[in-house]
Each structure stands twice: as C-alpha cells, then as structure tokens.
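The first chain written gets the first letter, and so on, giving A, B, C, D, E, F and G; residue counts start at 1 in each chain.
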Amino acid sequence: MNALVPLPILLSLATAIVTIFLGRSLRGKIVVSLGGGGATFVTALFLLWTVWSRGPVVHAMGSWPPPFGIILVADLLSSGIVLLASGVAMVALCYSVGYVEEEGQRLAYHPLFHLLMMGIYGAFLTGDIFNLFVFFEILLISSYALVAFAGEDYQLEASLKYATINLIASAAFLLAVGGLYGVMGTLNMADLSLKIRQLHDAGPLPTIFLLFVAVFGVKASIFPFYFWLPDAHSSAPTPISAMLSGILIKVGAYSILRVSSVIFVPLWPDVQTWILTLAAITMVIGACGALAQSDVKRLLAYSSVGQMGYIILGLGIGTPLALVSTLLFIVNHALAKAMLFLMAGVVIEATGTRDMGGMGGLARQMPWTAGAFLVGVMAIAGVPPLFGFFAKFLLITAAIEAGYGFLAALAAGLAIVTLWYLFAAWQQIFWREGNGHALHAPPRLMKGPGFVLAGVIVVGTVFLNPVVNFLRNVEAQMRQPANYVTAVFEEVSHRSGPSEESK
Amino acid sequence: MTTLLAMTIGTLFATGTFLVLRRNALKVIIGLSLISHGANLVLVTSGGFAGNRPPIIGPGGVGYVDPLPQALVLTAIVISFGVTAFMVVLLYRLYQRTGTVDMDQIRRLRG
Amino acid sequence: MRRPTTLIAEIVTRWAFPVIFLFALYLLLAGHNNPGGGFIAGVMTAAALTLQYVVFGMREVQRVTRSSYLGLVALGLTFALGTGLGSLVLGWGFLKSGILHLTLPIFGEVEVVSAVVFDVGVFFIVVGVTVTIISLLGREAA
Amino acid sequence: MTDLLAGLLIVIGTFFLAVGSIGLIRFPDVLCRMQATTKTTTLGACTIFLAAALKFGYSPIALKSILALWFLLLTAPAGAHMIARAAYRGRVPLATHRMVADDLKEVVERSAYLSEHNIDL
Amino acid sequence: MSLLLHGALLVVACSTVLCLYRIVMGPSVPDRIVAFDAFSTNLAAVVVLLVMRDGLVELIDVVLVLTILGFVGTMAIAKYIKKGDIVD
Amino acid sequence: MKTQKLWILTVLLAVVWCFLSGGFTLANFLMGLLMGTLTLVCFRPFFPWQPSPRRLLQKVPAFVRYVPRFVYELIKANLQVAYLALHPQMPIRPGIIAFRTRHRSPLGITLLANSITLTPGTLTMDVSSDGHTLYIHTLDIAHPEEVREGIRQGLEDYTVEVAD
Amino acid sequence: MILLLVVLLCPFVAAALTPLLARYLGTRTGWWAAAVALGNTLALLSLLPPILHGATVQYTLSWIPVLDANLTLMADGLGLFFALLISFAGCLIMAYGRFYLDPREQHGKFFAYMLLFMGSMLGVVLTDNLIALFVFWELTSLSSFLLIGFWDDREASRYGATKALLITASGGMAMLIGFILLHQVTGSWELQSILHQGDVIRASSLYLPILGLVFLGCMTKSAQTPFHIWLPNAMEAPTPVSAYLHSATMVKAGLYLVARLHPVLSGTEAWVYLVAGVGMLTLCVGGFLALAQDDLKALLAYSTVSQLGLIMALYGLGTAQGVVAGSFHLMNHAAFKAALFLCVGMVEHETGTRRLSQLGGLWGAMPWTGVFTLVAAAAMAGLPPLGGFVSKELFYEATLQVPEPGVRTLFPILAVVGSAFTFAYSLRLVYGVFFGKPGHPPKHPHEAPLGMRWSPLILAACNPLFGLWPAPVDHFLLEPMAAGILREVVHVHLALWHGFGLPLVMSAVTIAAGLVLYPAWARIQQWQGDVFSRVSLDAAYDGSLHVLSRSGRDVSLALQSGILRRYLLWIFSFLSLLVLSTFIWDRVSVVPVEARSVLSYEGILLVLTIVTSIAVVLAPRPLPAVILLGGVGYLVGILFILLYAPDLALTQILIETVSLILFLLVIYRLPPFIPEHASPGRLLRDGLFATMVGGAVAAVILATAGQGYFPSIAEFFLRESVPGGGGRNVVNVILIDFRGYDTLGEVTVLAIALLGVFTLLARKDTR
C-alpha cells in the first residue's frame, strides 16, 4: 500500500515521458494525457482513502530509512490536497484540449503540464526539506515554460519576471536549507521536528524559519513578494492560469503550514507577527489591485493575491478554527478560482477580448456560463450559502476568538470590497446591452469543465458537513506533529529491504 | 575559512544583487547566476569544514568531509543550469519580439 | 563551400573529440567509485558535441549525427523512471538499488549496481538536453 | 631522485606560468600576448603535469597527467590560432607602429570585400 | 617538497590574478579570451599542485576536465565573437 | 566502406582508455576496445582518417627524429619569450608573414601549424582556404625571409617526413 | 414538523424548476409562481392552531453539525406572521406580475428570482440558527441584486443593484460579527437558547458592540437613515419587485431581527436611544424626502423608509405597547404600501410614466386604480376608519409613554412631525395622480386589465378590514406575534375608537400640519434640489466608492509599476530585513565556527573570486561580462576543490563552460549594454541594497555554518556507501541511490528546461 504514495508523482512523470515519445501525434497525446491525468486522480482518491482509514502512510525512497533517505509522507493534509490538485488538474486538462491550439498541443504542452503536476504532487508529498526544493524547482520551471507557452510578448515578459523573482527565492531557499543543515545536521522534516523539540536554545533557527516563510511567501505571493503573480497568472494560457491560481500558489501556503506545524513548532511566536502583518497587507494589496483592473484575467489574478492574504491570515492566527478556515479557503479558492479562470477563458474566446469594457450582455446568450461564473464569484466573495462563506465566517470567528479584532474587521471590510469588484466584474461581463458583435462559440470542451467545477462547489456546499469534518481531522492531525513523526519513524521498523541484509 | 568564505559568498550575493537591479536583462540573468553560485557555496559551507579528504571511500577511512552538502549542491547546480538555460532563451525570444532588453521598457504588464 | 572555421581547428578537433568522449564514458562508468557519474559524463559529452558544432558548423554535424536528441531525453527519463519503478514493482520501494557481485575471468571481482542504470539514464538526459538546447540556439544564431 | 627532479620541474613550471602571465600583462598587443601564453603558459602547465607524473610514478595520476599534457599540446596552438584569427579579422588594434610586416592584411581585406558583396568563390 | 608546493601554489595563484587582470582590463575581447585561456590553464596547474600536495588521486580528473574545457570554451568564444564585440 | 581498417583506431582508443582508467591491464584494454568500438559506432562519420598500419610503421623513425627537435624548439621558444617578457625595454619587432608550405595533407598542415605556434616567437594565425599558405605572427622579425627559412629548416623538414 | 421544511424548500425547488417550466408556460409562468406561494400560504395557515396555543413548531435538518450550523426551523407567532406575510404577499404580487411583465420579457428568470427571494426570506424568518439566518439574510440581498438588475441593460438598474447589494452586505457583515460576538457570550448559535440569556448578554462587556453591529445590519436592510439611500435606487426594479421586496417583505427583515432579538437586547437605555432614535430620525427624514419626489416610486420608496423608521422606533421604545403597535403598523404598512406600489405599477403600465409632473386627473380614466390608491393612501396618512389610523394612534400613545426621560418630549414631537409629512405626501400622491389638471402621459390612459386589479384590490381591502374589524387580527396574528417577540403571553385589544386623549389631539395636529405642509412641496423640492446638488449621502456613497477604486488603482500602479527592479528592491530589502531583524529582536548570535584555517593561496583564490565577481559588475560589454562570469564559475569550481569536493568541481567547471557557450550563442544576437543613465544616487542606493543583502547572507552563514547542534546524518552515508550503495564515491551514491529521488527531480528540471526552450524557439514568428 505504501507504494501508492509516490504514484501520483511517478504517473505524472510517466505520462509526460509518453507524451514526449508520441512526437507530433495529436490524438495520441490527448488520449495519453487525459488518461494519465485520470489515473492520477484515481490514485489520489485511493491514497486519500488509505490515509483516511489507516493513518499517515510513508514511503521511503530506495528503502533507505528516514532520516537518511528521502521519504514521502501522505497524511490527511498532503493526500487531501493532492486529490484536490489532481481533480482541478483533470478539469484543466480537459479544458486545455479544447483551448490550446493544435500546434501547441503537438509541441510540449502536455508533457509540460504533467511535469508541472509532478512538481506539485512532489511538493505536497515530500517529507524532506531539500527534496521540497527540488520539487519546487520542477513546478516552477514548468510553470515558467507554460506561462510563456504561446510566446506572446506579454507572456515572455511575465515569465521572465516570474522566473527572476523565483530564482532569488530559490537562492534564499538554499540559504535556508544550508543554514538548517548546518545547525541541525539533517534534512528530514520529522527528524528536524524531533531534534528541534530537544533544543533549549534556538540559536539561529528563528532566522532560518523566517527565511523559509519568506521563500514560501514568494510562492504564496505574500506582500511584498507577490509582484510576479498578477503578471504571470493573467498572462498564462487560461488552463494554466487556472492551475497556477487554483493550485500552485497553495503550494506556498501548504509549505508554510508544513514547516510551521511539523518542524519549527516551538518557534512559532517568532514569526507569527510577521505572518499576520504581511497577510493583512496582502489582503489589502489584492483588493487594491483588483479594483483597478479592466482585464478580466488580471482582475482574477489580483483577487488571488487577496485570497492568499486570507489563507495566510488564517494560518497566522493558527488556532484550530483558523486553520480549518484556511483549509476551507484553500479548497474554495482552488475550485472557484480555477473555475472562474476557465469561464473567463470561455468569455474571452466568445468575445475576442480580455477587456471587460468590451464585453457585456453575455447573460442573454450564455445564461449557463453567467450562472456558473456567478457561482464562482459568490464562492470567492464568500456569499452564503457557498462554502466560501464558511471559510470567511470561520476566519473572522477565529480572529475574534483569538483577540485579533482589528484583523477580523479588516477581513470583513475587505470581503465587502471583494464582493464589490467581483460583482461589478460579473455585471460588466454579463449584464448591460451587448455590443452586438457576433459571438464566437467556444468549443464544448471549454465550457464543460467550468460547469463541472461549479457543480462541485454547489454539491460541496450541500454536503459541507463531511468536508468540514474532514478538514477538522486534517487540522487535528496537523496539530499533532508527533503523529507525523511517529508515522515516519515507524517506517523504519516496518521495512526490511536489501540494506538490512547488507548490514 | 568560514569567515572568509562567508565574505566571498556575501560578495557573490551582493554583486549578484547589484546586477539584478540593472536595466539590462542580460545583466539581470548574469546577476542571478552569481547569486546561484553564492547559494551553492552556502550549501557546501553549511556542513562545516571538519575532514580533509574527499568523500571517496579509500583505505584508512577517516577524515572524510561531509558528503551530503556536496550531493545537494550538485543537484542545485544542475537545477540552476537548467533554469538559466531557459531564461537565456527566454531573454533571446523577448528581444526578438520586442527589440529591447531594457527591463525599464519591458513593462507592458503593470497596474 | 566555406569552412565555418579553419583546417587546423578541424583536424585538432577530430583528434580531440574521441579522447573527450572516451573521457566522458570513463567518467560515467567510474562515477560510482571515483569522481564522475552520469551527470558529469553527460555534460562532458555535450561539451564534446558542442565542440563539433562550433568547429564544423551546425549543418555538417547534424548531417552526420541525424538523430533527435529529444528522443534521447525521453529515453533517459524512461531509464531513470524505469529503474525506480522496477524496484517499486519488486516491492523494494522506489529507486531501491540492487548490488550484484560477479567474478569474471579477466576482470576479477566486479560489482554491478543497478543504480548505475539510473545514472546512465541521467547521462542520456543530460546529453540530450544540453546538446538540443545548444543546437537549437545555434540554429537560431546561424 | 624523482622527487628532486619533480621539484625542479615544479620550479621551472611555476616560473614559466608566472612568465606567461607577466607577458600577458606586458606585451603591447593581443598577438604578442598570445605568443606569451601559448608558449610559456602551456609549457609551464605541461612541466607541472610532468612533475606530477614523475612524482607519482606509474599510477593513475601519472597516466592522466600525461594525457592532459598531450591534450594541452594538441589543443593550445589550435585555440591560439582561432583567437588570433578572430582578433585579426575583427580588426583588433595592433601595435602597428612596431610591426615590420603584414602579409595577411591584403588577404583579409579581399575576403572581407568578397563577403560584403556576397561573392562566394 | 610540501613547502615547495605551497610556494608554487602561491606563485601560480598570483599568476592567476594577473590573468584575471587581463580578463578585466581587456582592452579587446581577444585579449580577454587569451587571458581566459591562460586562466584556465593556470587553474589546471593549481589543481595539479594541490593533487601533489595532498596526494588526492580523485582530483586529477579535474585537471583533465579543465584542460579539455579550456579548449572547448576558447574555440566557442573565438567563433562566436562579433565584430562589434571585438573592440571595447 | 573501409570498416575493416577501423580496428587500428579502436586500438588507439583502447590505449587512451588505459590512460584514463589508470593502468595498462588486460581488463582495461578489453574494456577500452569495447568503449572504442562504442565511440566509433556512435560517431563513425567524424573519423574520415583511415590510417593504414604499414604507413604508420613507416612513419615511426621520422617521428622519433621530430620529437627531440620539437622539444628543443619548444624550450628555446620559451626562453626567448621569457627573455622578451621580462626585459625592461622589451625589444620586439612584431609582424605577420605569409609562409607557403610544402605540406599537402591536412594532418601535416596542422602538425606544422601547431609546431610553429609552440616554437620561438612564431604563431600561426591563419591558414588560407586551400591550406597551402600559413600566416604567421612573429615576435621579432629581423628579416621575413630569415624567419621563413628558419621554419623551413627547423620544423617543416621534420614534419613533412612525419605526416605527408 | 417537516411541513416547515417543505414550506421552506418548496420555493427553492420551484425556483430551480421555473426556468425549465417557463419554456412551456411562457407568460403564464407567473401563475405557477403564485400557485406555489399560495400553497405555501395555505400550508403555513395550517400551522396557526398550535401556535395560537402558545406552542412553537420546530424542525431540524442537520447541515453542518460540526460547526453547529444547522437548518433549525422554528415557527412561533413572530415567525409565522412574517412567513404568512411573505407567502401571501408573494402570491398576490406574483399573480400581478404575470400581467405587469411584458410578454417579451424573460418570465422564467423573473419568477425564478422571485421564488428564490421568497424562499430566502422565509428562511430568514423561520430559522432558529443564527448562521442559517445569516445565510438566508444574504441570499435575500443576492436575490434583491438580481431582481433590481432585472432590466440589466439599464445603467440605473445596475447601479441600484450594486448599491443595494453593497450597503446591505456591508451591514450584513457587521451583523455577522455581531452574531459571532453573541455566540461568544452565549455559547450558542440557536436563538432558542440565546433568547433565554438576555441578562447574560446585557451584562456582558460585549453588549454594546453586539447591539451596535447587529443593529447596523438591521439598519442597512431596513433602509434606516443614513443607509436608506439604496432604497430609492432599488426602485429601478420592476414594480412587483418594489412592492414585494422593497416595501412588503425584505426591508422588514431588519425589523424582524430587531423584534426577534428584542428580549435579549432591549431593556437598556442604549437600545432606546439607538433603535428608537434611529427610527424616529428615519421617520422624519424619509417623510421630508418623500414629499419632494416627482417620481411616484421614489415617493413610495422614501415613504417606505419613513414608515420603516416608524416601526423601528416603536420596537425601539422597548415597551410591550411599542411592540404591539409596531407589529400592527407593520401589518398595515404591508397592506397599504404593497397596494400603493401595485397601483403605481398600474398607472405606469397604462400611462407609460411615473412622473407626477406628467400625471393628473386620472380618476376618470382609471377609477378602480383611483379607489385602491385612495384607500391605501388614506391608510398611510392615518385616516379613520382604516388600520393605519389605529396604528398611528397606538404609535402616539406609545411615544407618550417612553420611560426614558431624555426623549419623553422629543419623541412625540418627532412622531407628529413625521406623520404630518406622511399625511402631506399621501395627499400629494392621490391628488397629483388622480385629480387636478390632466397630465400629458406618453400613453393614452385607460383602466388596467382585470387580472391586474385583483391583487391591489385584496391588499387595499385589508385596510378598512384592519380598522373596522380588528378582532381577528388581534387574535390570530397580533397576539401570537407579540408573544413571539416578547416571549410572554400578550393580550391585545385593538379598537378604532380609542376615546379622547392626547393621541387624538396629536392626530388632529398631524392632519392640520400635513395640510399646511402639502402646498409647500414645491418649495421643499427646490430646496432639496439645491442642497443635494452640493451635499448628499448618495454623493458620499459614490464618492467613497470612487475614492476606494482610485486609491486602489494608485496603490497598485505604484507597486506594480512594471519595472522589475522595483519589485526586486522590495523583495531584497524585505528578505534582508527579515533576516537582520532576527539578529536584533531574537538575539540570534553570530559566532562563526572556524574548523579550518585559511592557507595563503586559498586566501588568494578566495579574494580572487571576490575580485572577479566585482569585475563582472564592472564589465563594459556583454561578452566580457559573460567571460568573467565564466571565470567566477571556474573559481568557484576551484573553491570546491579546496573544500574537497571533486565531483562538485567537475560539475561546476563543466556546467560553467556549457553555460558560457549558451550565453555566447545568445549574446551573439543581443545588443550591447545600453548606458544605464543611473544617477550616482541610484547607484549608491543599489550598492547599499547589495551590501545589505550580502551582509545578511554572510550573517546567516556565520550564524549557521558548521554549528552542528546535532551530529550530521552524513555518518550514515559514509558508513553505508560501500556495503549498501555499492560505490566508494559517496557523493555519487547519495545522488543515485540514497537521494536518487533528488536526482530524478534534477534531471526532470533539465528535461523541462529543454521542453521550454524547444517551445520558445519553435514559435517562429518574430516581430
């Protein structure tokens, strides 16, 4: 069963390889690509089921016991988010088939997509801090390539800026890993967790912790590290925008969650103020940026900045309730923002413009698209009854309970601003008198995926109890790093491989 | 050794930073390369300098330096090579399409 | 036809190339016990091929080698993934290396490590990637 | 004995390396500097390689040193030739006031003329 | 012997500095390439001296690599310099 | 094709392999043959040179005469450069002279050109496209014809015997 | 009782089905919607008997039990009254809407939204759970948004929709925080439990915040001054929507909540001053504004504002009398105001205009409409023998008996003033439309179709009924409702004739003052026009949105300048700040571990590296810069040798050469370095930043390198390399075995880089 853990990563890689081998065969690439994505999704389901029923599952690469070898750990958090990622990826893939032009698909689109997914899954599953760096780089470089995929000026520009900023972050990551290794002599997260708890004097660890937070903050696009996001997320091909905003930025939040809940547990007070401050500023910046946009994708991108502010805010408050809200935000934003991007792509395809001023009146011609878009808008704006509301509600509750009245008020106030710009955007696109231009009908494969996500959001709202219950379990597991550590080191006693024989 | 190396690495980061803050995109990429040199050296420095022979097991097996940072750096070097290669080509394409490598002029995306 | 470089450069390169390539192979095979390994060997090979490009010109070399290096990358990835999956299927976990001790007539005691196959995969990938990038750019520059 | 010889070679090699670098600094134009490096630096390095070969006797180090030596002797002149050619054709300013002959000038100018007017002979 | 080697290392290191001077000061690009070539050869010598000093067999491969790559690099630069680049 | 003649190259490569693997043992040599073959298989068209063993053997005496001459010139060259480089006034009279060579084989031209570069005060700068004229930069030219004569007698006589 | 759930879900299900049914029903969709509402009304009536006996009807559907957010349905007198109001008014208005809407309009969409609203509104009044209540509360805002924007091609509709949404949602957000605080105090989300804890709540330090925040929500929803500004703009909605949402039901949600929380929040001075004070203010402001309107719907909108203020004031008095009076007036208001809206709708439908200046003398053409309007307006004006008269008398009486001394004289005066305005604008409405000079409407007026007249007839007929025969109202509606609010048994005995007393005098004064005010409407109109062109709450709303969006644009343009360097300055400075801060605040010490001394040549090589890297910065052209970069790379390789890392040295040197070639191939095509034109100040600044970054990095290294709090795991690799990994080169064994996964990732990165390059270069088109 433990072999299930690396499978999402390996399946993605294998799919990528096969699609490279397939050369320029379009049909073959699409079939393999969708098949691989589907298989990964199914694997992720099994993985989550396994973890749910058996507790954290650990896979030691090469059978080398932790802390020496690299291990992959699937606990509820990681397997849950892997499932989320693979689901959204599958939807985005289907969309891509309709969206990405044939030549692009014949080129490297499919392998790059799956390699991106490989990086994402790896980053979620790995239990080794340096391996995390490697997977970060995988997902980053494939996203640079995908952002620049269609080769337009602005895409190249966005990709260059995105890559530059993230390269600096990578250097900082190495600095942090080097520092951590210099002090602790190990790279395994569970081992680090054990050892840091034994320390009486934290020494330079606060520095390192903050460095990690900053590095992950770049991925999570916290202020002042977010500058790449509005450019990259708005310029990328639409399904990639959906993946970047839906899943990729969550990797940063996830990593902060990981290092703070597993490794640096005793040092949390040292960074909490920073995190809260930056999260608050991020929320404001996201709102400011979104208010200024007339380009629908750029607006959605800025909205992602703001949402990341909420996610990080919950993380910073750090109470169980706040963490549940953060998780709920992650799920909500992953589904809703991905859906909004996909639908924005439909609208752009139909009207031939990204400028909302040039759209209008689409509700008459595309009522279902309008409805789905509205669901997304409501979800992001946290309009009840969709579960985006509950994320917001829990966050505010948690902030109040933890005594952060100001932050609660800020979150509430900015929620209104979010509501404003999203509804205004929706109005601009779907209401008003149409400009009378003939609409270009987007392929069905582009519309379907958005509806699927909208459906998932609605169904998820109806069955919110199991979702929240699951997230509470996730949170409870996170709160007990001992579980994680035990699961990792139990691995040693369970395994018996050739290395045992040679000793 | 640590102090002098720290100074060296600091200089690599500083010069890299200075270059990254220039207008010419090529300088930016060169700056990034310097920074990644620095970062690689950080990793190799992290293990400290105990030991005085390369980690290649031979007779009289003591005094090896810490092999792990070396392996990590190897990975890091390769990765930064890959990324640099990509960026160089990206820059090339950008120049082809926009006719400039001036980062102050490559600012269609703003606001 | 105009020479991309000169006669002297060409002749020296013809002499140097096999040595460099052999050295690369040596680094590949010796890598497990001495400095070297798939990556280093791969870059070395790529450097040798680059030298060929530089001296003989892109067109000439492509006429001679004719192969697609993208396929080489995919092949290398298959090698690397294959060794990992092989051990996974055998129930040892991903990328578990096996060691085989052989005693051969002339070579004496030889250790065959399955991880070396992985290293060969790495070698292919590195050669493929480096050479393709350089030749693509070279074609642009030409 | 071998140690003594090796030591001597090291001294010689080091001397030539230093001289090469000094020449590199002092000579007036690129072609003259090249004269310094291709000869002295190459010989200096070769001498030191030889010293290593001598010091370690029949050993991997020695064999590889010899290989490196051979390789250096093979390639250094070719490299120098390529640079010199590029330099001259790129019209690097030379110390012309000291030059006593230039047989290449005419040839290069002719070929430059031909290539400028797209004439392929 | 060790003292000699140490001295030799010192001298060669200084000689490397001279090469660097030429790389930095140019004035022309071929000057820099020549200096670069000499620089890598000097570094190869440094490595050989280190090998001799510490008896580290493992490092000798580096010498070969440096020699080979010095050549490859020089050829590449020599080929790809532009006319406009030759003179600063 | 002359595949049958490739064995000599393979053996040469096997020797190089032995250098690389640190010893002339049978195992290394066999491995070298394998690797040499691999090299030739992979990059066959890069090796147009097909030496015949007999001609190779014939060249040995010439080669033996050439090597000491070359080493002598090499040392002389270095001392000369050292003298010039360290001399306070730096008494040089540089210039570029054309040199028509008797060599006709590419290998010979290359050998001569390299030898010229490594020997006193001369450096092969360029070679004409037919390969028959070498352009040589010289550090200290008293008279161009003297330099040409020096090269002819000091090197070309020997290299022509070795490779042409 | 599951019936409650059925009643609640029925409109939602019906709403979902409506677009589908509309394809077959066409213009008859309205009947379907009205039938649903009627069914709901009947079902709710069946709940009346138990509630009359003081029982409550409950049903719980668990939704998110882990968050205690369940669909706890509870119907008591208050809830049932509202539910009946919602369903019954819904039935009448949707039946009316079927005629009102043009056959070419999207009936399916319209009635789906209406039913969605009806369900949401039922949810508000029938849930016991505050979270669920909030959910429905926001859903009413959403459906109101959709309905106001029904004619989405009109700019004014979109403006009104957004305005209503923003203001009510803002209040809702405040209310949500209030609920959260309430939950903190009481530990429950269930009203059943919260309503028992009045003393706890009032004693809590959070009482004032709770009161303020929750009341803010009620104020915005019920259009209390100064948040009344959205209601007039909401009149852009089709008239049935105005009648239903913006007079009869949705705007009463705030009143409902005030009534609902009456037991726990009232009983303090703060309650009276806040709730009643705001109510009184709203009463007067609304009336004053209503009188001057030219647009009939605007007049009705402000009148609604005013009347809602009246009811709010009554609830705010905190007395049982006030509650009864308020509840009764609420009922009356629903009847007369809905009737008036429908009548205005008919006028508009038949004449094509709503402007008083274009109307007049319609009595002859539209007698039925005229009668309905007259009756309803008279009720609004508080004339006997209509229900409005009774409730106004009760209002006066209640204001006269305020316990708080500070407002004992003020409130009655304000009550009279507000009512005088009410009288005046009622008069203006009736007279201006049906009497006086005939106007010049765009269409030739005639009576509205019969089907359209039924609903206003029924609604208008309620008014004399309430006034002349209040007993059933007392018994079946008012008593249970008051009991629901006050949570105690209340006996109400309403009568048209109250006997002589101060209230009657006040009524007389009201009528007199109203007659005085009426002719002044034109002057008031002019005055308002003058003032509002300079300063108004609407302008404040628009201005604040404008300021918000402009400052958003300014901030994002300032930060997202498009200039990479500025982004990097932020990032670098923040990274170094973060790092350096820990050395100061967290007192991280910098005590380097020096395990090895520096030999002379090592020193030279290190310094050489430093110098070379600085030389890269100074390089004048791309090529030298790249060559020097290669030099740095080689030197780093040599440093690796000094650190006993042959594999690294090999890799570094190889990679450096290949990178050099890559750079060469590219700069071959790139332009030379452009002059930076950097001022010395900027160079100095960049230099300082660079130094700061370098210093921070050096500090981190000094603080961490080789500190070794724990033995490194590297021992394992050295030990296991040969036996376990089968190789003596530990680094290689780590790479391809112990940490082969990293290597797999690393080569994947390379492959991706290639794919990226491949794609970039495959796109052939150039500028």
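Remarks
Operating definition for what follows: a residue touches a chain if its C-beta (ideal position, glycine included) is under 8 Å from a C-beta of that chain, and two chains touch if they have at least 3 such contacts.
Quantities reported herein were computed from a predicted structural model and do not represent experimental measurements.
When the partners of subunit C are compared with those of subunit F, the chains appearing in both lists are D. Looking at the partners of subunit D and subunit G together, the chains they share are C, E. Here A-B and D-E are compared, and the pair linked by more C-beta contacts is D-E.
Of all chains, the one whose CA centroid is most distant from that of subunit G is F.
Centre-to-centre separation between subunit C and subunit D, using Cα means, comes to 30 Å.
Centre-to-centre separation between subunit C and subunit E, using Cα means, comes to 26 Å.
Centroids of subunit F and subunit G (each the mean of its C-alpha atoms) stand 86 Å apart.
Between subunit A and subunit D the centroid-to-centroid distance comes to 56 Å (mean Cα coordinates, whole Å). Residue positions of subunit A touching 2 or more other chains, listed in rising order: 13, 20, 61-62, 130, 134, 137, 141, 144-145, 148, 151, 156, 160-161, 164, 168, 172, 175, 178-179, 181-182, 187, 230-231, 289, 292, 498, 502. Shared interface positions of subunit B, i.e. residues touching 2 or more other chains, are given as 13, 20, 28, 38, 40, 42, 45-48, 52-54, 56, 68, 72, 74-75, 78-79, 82-83, 85-86, 89-93, 97-98, 106-109, 111. Annotation for subunit F: residues touching 2 or more other chains are 16, 20-21, 110, 113-114, 124, 126-127. Chain pairs that touch one another, listed by label: A-B, A-C, A-G, B-C, B-E, B-G, C-D, C-E, C-F, C-G, D-E, D-F, E-G. On subunit A, the positions that touch subunit C within their shared complex are 2-3, 6, 10, 13-14, 16-17, 20-21, 59-63, 495, 497-498, 502.
Residues of subunit B touching subunit C in their complex: 54, 56, 74, 78, 82, 85, 89, 92. On the side of subunit A, the complex with subunit G involves touching residues 13, 20, 61-62, 64, 67-70, 104, 107-109, 111-112, 115, 118, 122, 130-131, 134-135, 137-138, 141-142, 144-145, 148-151, 156, 160-161, 164-165, 168, 172, 175, 178-188, 191, 195, 199, 202-204, 206-208, 210-211, 213-214, 218, 224-225, 227-228, 230-231, 270, 274, 285, 287-292, 302, 361, 363, 378, 383-385, 389-390, 393-394, 396-397, 400-401, 408-409, 412-413, 415-417, 419-420, 423-424, 427, 430-433, 464-465, 468-469, 472, 498-499, 502-503. Taken in their complex, subunit D has these residues touching subunit C: 67, 71, 74-75, 77-78, 81-82, 85, 120. Within the complex formed with subunit B, the residues of subunit G that make contact are 553, 556-557, 560-565, 568-569, 572, 592-598, 602-603, 606, 609-610, 613-614, 616-617, 622, 625-626, 629, 632-633, 636, 639-640, 643-648, 651-652, 655, 658-659, 662-663, 666-667, 669-671, 673-674, 676, 678, 686-687, 689-691, 693-695, 697-698, 700-702, 704-708, 712-714, 717-718, 721-722, 728-731, 734-735, 738-739, 742-743, 745-747, 749-750, 752-753, 756-757, 760-761, 763, 766-767.
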